[in-house]
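You will see two complexes here that share chain A, one where it goes with chain B and one where it goes with chain C.
Our next item is the complex of A and B:
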């Protein structure tokens, strides 16, 4: 048995915490971008497609809905397994962190697209119609009228979802990605002090998530009061 | 306004226009010509298709058959460029105002001209200020929509539509969401537009106003133009039992 002081445990966990943060940020930025594409694709299909393009719009809309249902309807753990082991079956050897980043990006994008769709749906139909009547095209309607209003209501649930993503990165430990949980398990195996070590791990997650929740709550309050 | 110069010109030509929502046909072959400078009221029971007809004219609703021309140009739903040009000619004012709540009054008016017509910022602002003056809200340029009364919001919406310099203005029950004491100020603006020669098509329940201001009144019933004529004729000598009944209900 190796002797670990509390400081040793913390130091190692902090170092591993960097990877949890990196993975969270990657998932969030990647998921945000893909989610935005999904959102715009679905909006185009339901709102902007001209009558002649209704068939194409329907296909696009079905595909995007399918993507979202698929990633919302399967456990993140399975998505991680599939990204890690599944790609290996095709001869593509992906490092654990790539598999984790890809799986979390897909997962995040599906949820964000759905959250944001709800926010866009909350904007009254009359706003689209007024913008249309003023001869704005779909892009202008979205950029100048609908998104600025939707973003306001989207900030609290989006930041709230970031907390879910941070906690979700713990699952990447099962494919061997050296983030907080994985390193915690390794230290436990070396020290035989699971309660102490996992308490420290939990504390680290809390230190990451709590400020984010606070920011979400603050933003919610601010947006409710201001314009 | 150039509308006065050639007042015989037909601005809106609608022929055999049919529109269904699913299996429910709401417009069953509408024929209507509107001359430049003409003011037309469309009346009828709810569900008679009057709002749908109005919304077809600027492409907010897609119709299945028939043709619609504004200023001689066909409305083509599939052609984004044609629709963009058509919508610059056709302004619309809504029952629920639909001002953009995240923009100030001035920005509400200036946005579309700067985006669509590429009007430079300074001249767009000048135009916006003069339009606000015209609807009696010169001092509200920097106000936010939610700081205004319903009547003021609707007048801003009128200014916003006028900023695109349309040749026709569609008004969809624009006073129906207003408190009774605020109706007058909006109708006054509409009346001044009419007297300046603006072509107006309005769906309205304000029969007295229609009688006073309009050149022609269209009575719609079950998706058809049931009766059409000068206000005196339509209101004082209704020919069909449906119109008689409708007017009886109102008075």
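Our next item is the complex of A and C:
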């Protein structure tokens, strides 16, 4: 049997932490892009649809609402299982990290789309109308007038949600992705020191998440004082 | 290629799904009742307790909110026996859910408590109400009313999080789905049905709690 010193445990967990960070960033960036598409789709459906396309707009907004309800109303673990077993159903042999990245991206996109919609809704209606009266089309209204203002209030909750994403990646251990939690479990099985190992794992997550939480809180305070 | 789905193979195991559903509901009810109660107490401690208590509760809240639920669960279930506290899977699940929810509930309720106008507390003091009476009768009802939607969302998040408890063999819904797919290898179908049940559950819980909140908790 190989003896593990505390340093060995810590070093292996640190190495595994790289995968937690990688998966978090992948899901956060991918989710951000998909979330942006969802947001624009929803705004288009509620604001820009020309008289002829109102039926299409209604369908789009229903679909997007359904997407968000679906991903916010079901466990992330089930989403991971479905991505893992669902893709395999089509004869694609998916590695755990692909399934995890796909599921976490969808999950993140649903939450970010909802957060950002709230931020866009907080922009007074007059801003849209003023932009419209300057003969801007929907894309221009969004790009030049609404989004620059919305982004300012969207940053703190978006950074705050990153914490949820980092914590969410811990579930990828269940489908066998070798990130922090999974490696922690494996080291536990090798060392029979669950208390020590899981304390270290928790500490690592805390060291990742706490600074992000602090930054989010600081940004929020700054925003509140700035107004 | 063709994909054949056989949902009947899963639905025929409905007694298992029923038991899983009942466990998920049970875990959620017990842990949200205790969790919110702890949250109310801790929110008081954080808003108007002595300095050391504020610090202790603040540290607790930050520790729990910045670590994943699954790690908290594994810590309780696998880590504590090393110290001589052996918990059954069900107990560990309830405890983890209570700990997790109470940390979030503390922050949510505190936000509502701090939004109470000073004048109301002073008015209550001038009527010679005790500290306890002021908190539970004057401060808490409007605070809960203000933060109820956030609290309901958090309870639903904890309920969905309970899917992880199947990993330590708590017999809840995701565990039942896992059991079924182990019997008939219909993994995708089993998880689709479990996911649909979770979705129905979260919609129902939101409706129920929104109604119950205005009816029983803060009244009128």
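Worth pointing out:
In the analysis below, the second predicted complex is superposed on the first by the 222 of 227 C-alpha atoms of A that agree within 3 Å, B and C clash if a C-alpha of one lies under 4 Å from a C-alpha of the other, contacts with A are read in each partner's own complex, and residues count from 1 in each chain.
Quick note on the criterion: a residue touches a chain if its C-beta (ideal position, glycine included) is under 8 Å from a C-beta of that chain, and two chains touch if they have at least 3 such contacts.
These numbers come from a predicted model, not from an experiment.
Look at A:201: by the touch rule set out above, it reaches chain C but stays clear of chain B. Looking at the superposed arrangement, the partner reaching more residues of chain A, out of chain B and chain C, is C.
Once the two complexes are overlaid on the shared chain, A:52 sits against chain B while remaining clear of chain C.
Of the two partner chains placed around the shared chain by superposition, chain B is the only one that A:137 touches, whereas chain C remains out of contact. Contacts of A:81 after superposition: chain C is touched, whereas chain B is not reached. Once the two complexes are laid over each other on the shared chain, residue contacts for A:129 go to chain B alone; chain C is not touched. Using the contact criterion defined above for the overlaid structures, shared-chain residue A:213 touches chain C, although it does not reach chain B. Of the two partner chains, neither chain B nor chain C is touched by A:190. Touching chain A in their complex are the following residues of chain B: 58-60, 62, 77-80, 84-85, 87-88, 90-92, 94, 96, 98-102, 111-112, 115-116, 144, 146, 157, 160-161, 164.
Chain A makes touch with chain B in their complex at residues 50-53, 124, 126-127, 129-137, 140, 144-145, 148-149, 152, 227. Listed in rising order, the residues of chain C touching chain A in the complex are 1, 3, 62-63, 65-72, 74-75, 78-83, 156, 160-164, 167, 174, 177, 187-188, 191-192, 194-195, 198-199, 202-203.
By the touch rule above, chain A contacts chain C in their complex via residues 69-70, 73-79, 81-82, 85-86, 88-91, 163, 167-168, 170-171, 173-174, 181, 184-185, 188, 193-195, 197-199, 201-202, 205-206, 209-210, 213.
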